[in-house]
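Look for chain A in each of the two complexes below; its partner is chain B in the first and chain C in the second.
Right after this comes the complex of A and B.
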């Protein structure tokens, strides 16, 4: 496996790989999202309890579920960067962070937009909402730390350490918030148990989930390419690339 | 160099050096404490002097103030050593960084955590904390403030090389403080209601043990990045 992976430690090769993968991710995510969103927002049956407003689930749930997974992806990249000292892995982690932060923000905003008609309030200190909010803070902290270093290599390493500290902390935070929630509030509406969903709703939801995942992949690839170019701007292959663009 | 010093000597040397430096700059020790007291004084002024409300929110106020004052005092943990180059010497020395980091964090806790623990009961009186909750307050502070120092040290180690690291530090560290805050205030509230709170304490103790074993590695790695 290492022999197969080895050439991609070279910035140029992984840039080229990212460029070949990007259209596949981009096109398939657009197709998936169009199918999923049109199906979900227009054709899926109306929920008998929540009416039309439940339809925000088709954006909220993929964003919320994938926000955490995106963090894990970033942490994996940071771990690889730390253990094997691959600078490209740090670049990948740096590329993922803002995507994850925006996803978390989308989950929070759609969540509170959903909460208004359902719970009658924009915000409740529900365990999931609170965890998501803290996750957003951690994302912002990582991005801020990354931006405050002049040297990109140092920035990547520092942000990597913080990311890995976050990986240990996020489960602790998640469970402590859940426990805090039960301590303070008791069982309120907060738990919206997934009623076994009819398949006309579930299938578009799953399609959307896949579409979101592919979109995250595409956005990360775009950002990763930029990071690679930014870090190697003095290399001859980048100069050649720029010349080609300008012709 | 044939003779080397033992781990214990390393530890006590770093510890006593840090304590000595702090004793000669008394402001560094006193200011966070005064800050802690002032923040707690602000709450009754802002919320009103109704003793029932104060009793209800006293655990939260004391702990949030403790978090903020810990945050305020964190910078001095590595900043001066970084500025005068002694941090670099420590990283270069053959002694394990783990031990030196632990000694520095312990010194920080003695200088900022212990004074808070000592003065907290007095402030609890001002906030009309439930009498049953005093022991819980002290024990949670005893177990919790070292965790604050340990986790905070990661943040300082990451930001020590950055010019305007202060605000960034709070952004990095405060989210990580949340579990301690939740369980500490939970324990005090349970104690105020006369309920058992050993479970909360056990979790804070677990956080302390976990932080004690894991954070020095993160702090060391972060220091290596910062001094590069």
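Right after this comes the complex of A and C.
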């Protein structure tokens, strides 16, 4: 039943699949982000409490939420890489890490710029903000480990251990606003409750979420292709690829 | 359309600095990541190309040396 999946364990097939998917992800993410951002910035109504400053939500929430999802995706890849010694899974984990780090940085900066006018401070050492900063440090540590070893198998294993240990931080970030007192507001969108947001704000936010997710996919595909080429630079198919690009 | 005028839009109800700082920083960071990722491919290809050239040179040198060696 799973036989169709098997050829994708070959680097060349994975590379070709990534190349096929990349334009779709790139184009659809740009379309979604343009629609979502214009809608959120220009057409969505003003918030009755926070005024126009709430418009930061349209990048802050997608970046922060997806920084956690991205981490879980990377952890899954790292787990597969460690248990089944699949080199491509390590390549995927290495490709995702910088994307997640940038998303976390975006979440922290936009959160700061939102906190200053609303809370009166750029930063506060509460649970949500501190754990989010730790997430950034974990991401940076993983990137550093991936680049610290000439031997990519060793690098994947070392970074994989840190990745799996770092998973503990994700539920703490998610529930920090419920477990501890904080200035940070609770979740706007939840699986179990009705969203605490009118649909004129919710729809552009969801479009932006989708746009960010597709953008993460596109960036991961670009980086995954690079990782595969780097790990297979001696293979004939890569040499052929390099020759073709030369012409 | 929520805003009355273009200047109204840029003013963001007095929160211009914070809103545009957020959007600007997000754009710059994500753009930088995209550029670095796309350039990474070019850099890799150049590395592989120069490595190949080096190997070929070495190979040519070795075979050239062999033919020059006096037969004993």
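A few points about this structure:
Quick note on the criterion: the second predicted complex is superposed on the first by the 218 of 247 C-alpha atoms of A that agree within 3 Å, B and C clash if a C-alpha of one lies under 4 Å from a C-alpha of the other, contacts with A are read in each partner's own complex, and residues count from 1 in each chain.
The criterion applied here is as follows: a contact is a pair of C-beta atoms (placed from the backbone, for glycine too) under 8 Å apart; a residue touches a chain by one contact, two chains touch by 3 or more.
Just so we're clear, the structure is a prediction, and the values are computed from it rather than from any experiment.
Within the superposed three-chain model, A:134 lies in touch with chain B and out of touch with chain C [touch as defined at top]. Of the two partner chains placed around the shared chain by superposition, chain C is the only one that A:117 touches, whereas chain B remains out of contact. Applying the stated contact rule after C-alpha superposition, one finds that A:98 touches chain C and leaves chain B untouched.
Legend: residue contacts after superposition of the two complexes on their common chain; A:154 is shown touching chain B, with no touch to chain C. Residue contacts after overlaying the shared chain place A:69 against neither chain B nor chain C. Within the superposed three-chain model, A:165 lies in touch with chain B and out of touch with chain C [touch as defined at top]. When the two structures are aligned on the shared chain, A:28 is found in touch with neither chain B nor chain C.
When both complexes are overlaid on chain A, the residue A:12 reaches neither chain B nor chain C. When the two complexes are superposed, the chain touching more residues of chain A, out of chain B and chain C, is C.
Common to the chain B and chain C interfaces on chain A is no residue. Those residues of chain B that touch chain A in the shared complex are 154, 158-159, 162, 164-165, 168, 171-172, 174-176, 178-179, 182-183, 186, 189, 203, 207, 214, 218, 221-222, 225-226, 228. For chain A in complex with chain C, the touching residues are 37, 41-46, 51-53, 55-56, 59-60, 63, 98-99, 102, 105-106, 109-110, 113-114, 116-117, 215, 219, 222-223, 225-226, 229-230, 233, 238-239, 242, 245-246. By the touch criterion given at the top, residues 1-3, 9, 12-15, 18-19, 21-23, 25-26, 29-30, 32-34, 37-38, 40-41, 44-45, 47-49, 51-52 of chain C touch chain A in their complex. Those residues of chain A that touch chain B in the complex are listed here as 82, 134, 137-138, 140-141, 144-145, 148-149, 151, 154, 157-158, 161-162, 164-166, 168-169, 172-173, 176-177, 179-180, 183.
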